[in-house]
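See below for the structure under consideration.
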Amino acid sequence: MLGEGILKGLGETARNFVGSFVSEDRLTTVEYPEQRLLPIENTRDFPFLVYDGADPDAGLRCVSCQICEKECPPKCIYIVKSTDKKPDYVGKPQFYPARFDIDISVCMSCQICVEVCPFEAIKMDTEFELSTDDRFGGLILDKHKLAKSNEHFQRIHPTEAAEVDARLAEEKEKVEAKAKAAAEAAAAKTAAESAAAKTAAESAARKAEDGSSGSDAEGVKP
Amino acid sequence: MMEGFIFGLLAILTLVGALAAAVLRNLVHCALSLSVTFVGLALMYLSLGAQFVGLSQILVYIGAVAILVVFAILLTRGAGALTPHRLIAAAGWRLGWIASVAVGFVLIFALVRSPLPASGDQAAKVTVLQIGQALMGPYVLPLEVVAILLTVALIGAVIVAMPEDQKEMR
Amino acid sequence: MNSATLDQFFVLLQHHLSALFPTVLQPWVSMILGVVGIVAVFPAIFALTTVLERKGLGRMQNRLGPNRVGPFGILQPIADAIKSLTKEDIVPRSADDVVHFLAPVVLVVAIFLGYAVLPVGRNMVLLNIDAGILLFFAVGASTELSIFMAGWSSRNKYSLLGAMRAVAQMISYEVPLLLAAVVAVMMAGSLAPTAIVQAQGGFTGIFPHWYVFTPWGFAGFALFVVAALAETNRSPFDLPEGESELVAGYFTEYSGFKFALFFLGEYLGMMSIAGYGITLFLGGWGAPFSFLTFIPSWAWFFAKLFLAIFFFIWLRGTLPRLRQDQLMNFAWKFMLPLSLLNLCVAAAWRFLGECLGSGTVAEVMRWLVCAAVLVLAYILLARTLLRRQNIRPRSYRYAD
Amino acid sequence: MSDLAIQSYLPPVIEVESQDELLEVAMGPHHPSTHGVFRMDVALDGERVVRLKPVFGYLHRNHEKIAEKTTYLASMPYTDRLDYFCSMTNNWAYALAVEKLAGIEVPERAEYLRVITAELTRIQNHASAIGFLLQEMGASGTPLMYAFREREIILDLFESLSGSRMMCNYMRFGGCRVDLPAGWLDAARQVVAGLPRFIDEIEALLTSNEILMARSQGVGILKPDLAINAGVTGVMLRATGVNYDVRKVDHYGIYDRFSFRVPLGEHGDIYDRYMLRVLEMRESVKILEQAIPQLPAGPILDPKSKPRGFRPKPGEAYGRIEAPKGELGFYLISDGTGNPYRYRVRPPSLINLTILEDMCLGQNVADVVLIFGSVDIVLGEVDR
């Protein structure tokens, strides 16, 4: 009560002063541009669009369904749907975004677009050094700036990307199997119509087995 | 030669300060000019070799009296406002002149009548130690009387400044 | 170079340099050299202090402090100087520009004057006058006026409040500061700083005769330190510039180089008051142990100065600030009675020394009696004051 | 609590000798210690406060109206930005309200995760509140830096869990958004193990400091009856000695499963508020020490809940929790569409701030910033 409290406090700051020379715990700052913190896997900053393969235009997963545009809380996404269609990763013809802009000066990094996207097309980036001297134009990211490869996604969020890849592969496999089965069925139908020979039917059945095992092998590959 | 020059400078400083204190319109400026005068006087004492008196002059007059004056001005709300636009001599100036002439006469009379040493250089060097011994020896009674007077004044000031309700309590 | 020449290195340098000039000019040249020395060395220490303060505070707060300009940020003050020199000098339109301009100048000049009688080493004092301590207090008192000028001329409520606070605080703490210093003056029997340092020059065994090692000296030193903190507006007495209330106190409306001058004045004031504290109680330029006397006297002085500055920084890193009325209460109800008592104890020490003789038992007796009186008074006074304000540690109940 | 009669209330009037002698000072909106943009028009008689008018709204962002125009889910990230120090508890309060409205059950594991994140939030909020209070007191940032050191560690946990340090947006109607990443629980255990050391450090630095005691004891006293009448909650209310903690009163979540105590003050001054924050941090550590080992396995989200097309049946609900700053409530009315018909936040910061003038009148101007700091507000929540 008579000054001990002040002395105790002085002792505490002295401990921290000395401690800052010997202990990591007591000197927690990181000298930013030269040193960086280890990246945390779940970190989210601003959204980007995922594309498969090498070509950002051809491989873009986005099918321009505009769900994210609608669900975005601050309404920072602007999408213009294409008039034509292009094949998606399973080969099905889909619309694609003719324009896809995100105003990251408005975006609040809430990740709701990622949650609502049924096509795994939009994901959160970890890039945060986005300062620009153009306050209006420089902070609007268009389709080309937003498009980043699946490899990038795999690098920044390995766990999530692995899950997504597995799910997509499974879906693709399902679709392919279905398509193959449909094709087989159609082929079998025509075959049965054209030639009612028993041997021909047997060979067709054998072929179908081969095909399914082949698609299995394909599904494991990625 | 050198002494004369320094004296001249200090005299000008002191006089200008005093004049400014008398004629400036803004009261705070007047107070600040007054402290310039105090500094000039203190420097004069110092140049005459009276260290203790000179330094006490600074300590007491700059450190306390000047501050007291500006505080008094501020607390009586005269600080920001300029005094009304009129010449210093406008109202009551005759009285002022009479007073200053009278004071001047008294001072000159005192100066003329007091026996001065033949030359300024002859003044004995008085050390702080000697002043202390004089105050504690032959002059101890006046010193104590002054001390009691000041203490009484201090207590009186406290009582005047005390809020009414507290005064009644005591 | 033996230790004696090293000790007197700067004195000899001054002599040799002034010997180059004709005899008539020699005293002048010698004086100018001394002034140049002070004007060069102490602002340099000020520059170093600013960066040390920021780094030291940073270390206490688990961070690095300035580290960008030069190696370990040591050139930071140069960057700061360039910044403050090139910044626009803004004078508020309604400000009283003459007074506004004069305030920082008066402050810095007055504070520099205080260094004239500060002995920074053996024979190293610019002006060896009888009433040196008095000069220090005289110029210290005149800084108050410049602070008032700054606050008043800015025509800003925060500035004026800050200046009023600062002046009231400095006047209040000048009394205990003086009374605490008087003890050392009494014992040394002189107002001259050099004489006071010499009076503390001897050694018993390996320990020096510093005043701080006596009960009255320790109490006087503690009181001096507290009053010095208040006098220089340092934490925990930094209310005049308490930014959480008054933005920046009396220099709110200053910018650029004038602001830098206030900053300089503040730190120079802190260093000069620390220097006088060292002179009065910590043996000035004397070595702390008899076997360390080979180290030059000026090195000891500056080492002690840096320690004192570090202590100030340390306090700043730890303590919150007091409130105005508490500050005043502390000055008048605690510091003043204690320093008056300390004066009596010092006198008693002296007479007890004459009465009891010089044996070891008598020494110890004297020591114990004086210490007991001071400690008792401290405890009683502090207890009473805290109890009257109802300040005590508390315990808490819990609900389940 | 019931023995405190509710009376009609008139604010105290401080008598002054003359109105002309008053000095009017506008503290803020750009004042260093107004925690953002807040203004106090203070009338001073010398250094004594005789009138204080709080002016806020500089940070008004239309939160409630925006929420009524968007889907239920889209409001979740907006709640992060109310009290941006404690997004986890904001999320929880909103999720709780919607769960009540729609009758959604929360899985066991998600309840535990909510408790863990909420108590971590409480610790970092109280630590920073103490730091800011001492900053106001002029402690040159040391306690604040220590508080931020611990806060960073806790925010690291939040980032690795939810992806963001402050704007977590972690909770969903019927659970939480994502499950724990690998190694999170061990990291959390380590953090919790280090917290008592930090609280001891803060206490050694501050609790027995005579200057802190002198500055805060007997300053800014709030009387319990006024506190209750004004609807003050949280630490502010408990410092007056009223035993009211929504965790104990409302039995929300799974708080009944943990043993913890509610510290109570008796003077209602700044020191009590400071000490209560310290003691509550200790209690939160206790809860965390119980909750982390008990965390069960299982789903984290009600399987019936879906992100899109959420339409609760018509009705109304009020969900409230003990947020670090007091009782945080969300009142929702649904008309069966995808947007709430009415969305109302009960912000503890705002309601605790309403008695600012009562606490400040007659005090020294230097204490005003201190009293203001001891309320612990975030302007984002006050202005919404």
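Going in written order, the chains are labelled A, B, C and D, and every chain counts its residues from 1.
Note that in this section a contact is a pair of C-beta atoms (placed from the backbone, for glycine too) under 8 Å apart; a residue touches a chain by one contact, two chains touch by 3 or more.
None of the values given here were measured: they were computed from a predicted structure.
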Practice prompt. Decide which interface, A-D or A-C, involves more C-beta pairs in contact, and give its chain pair.
Written response: A-D
Worksheet entry | Longest centre-to-centre distance from subunit B, chain (CA-based) | A
Response to the item:
Expressed in whole Å, how far the mean CA point of subunit B lies from that of subunit D is 60
Worksheet entry | Chain centre separation in whole Å, for subunit C relative to subunit A (CA means) | 64
Worksheet entry | Distance between the centres, which are taken as Cα means, of subunit D and subunit A, whole angstrom | 36
Practice prompt. Compute the distance, rounded to whole Å, between the mean C-alpha positions of subunit B and subunit C.
Written response: 29
Practice prompt. Return the residues of subunit A touching two or more other chains; collapse runs of consecutive numbers into ranges.
Written response: 1-3, 6, 9, 12-13, 16, 28
Worksheet item: subunit B: which residues touch two or more other chains?
Response: none
Worksheet, complete the sentence: Expected list for subunit D, residues touching two or more other chains, is 142, 146, 149, 205, 207-213
Worksheet entry | subunit C partner contacts - residues on subunit D that touch it in the complex | 23, 25, 31-33, 47, 134-142, 145-146, 149, 205, 207-215, 217-218, 243, 245, 248, 261-267, 271-272, 275-276, 279, 364-369
Worksheet item: In the complex formed with subunit B, which residues of subunit C make contact?
Response: 96, 99, 129-131, 134-135, 137-142, 144-145, 148-149, 152, 155, 160, 164, 167, 171, 174, 189-191
Worksheet, complete the sentence: subunit C partner, complex, touching residues on subunit A are 1-3, 6, 9-10, 12-14, 16-17, 20-21, 26-29, 31
Fill in: Touching residues (chain side subunit C, partner subunit A) in the complex
56, 59-64, 67, 314-315, 317-319, 378-379, 382-383, 386, 392-393
Discussion item. Under the stated contact criterion, what part of subunit B meets subunit C in this complex?
Written reply: 26, 28-29, 32, 35, 39, 51-52, 55-56, 58-59, 62-64, 66-67, 70-71, 74, 79-80, 127-129
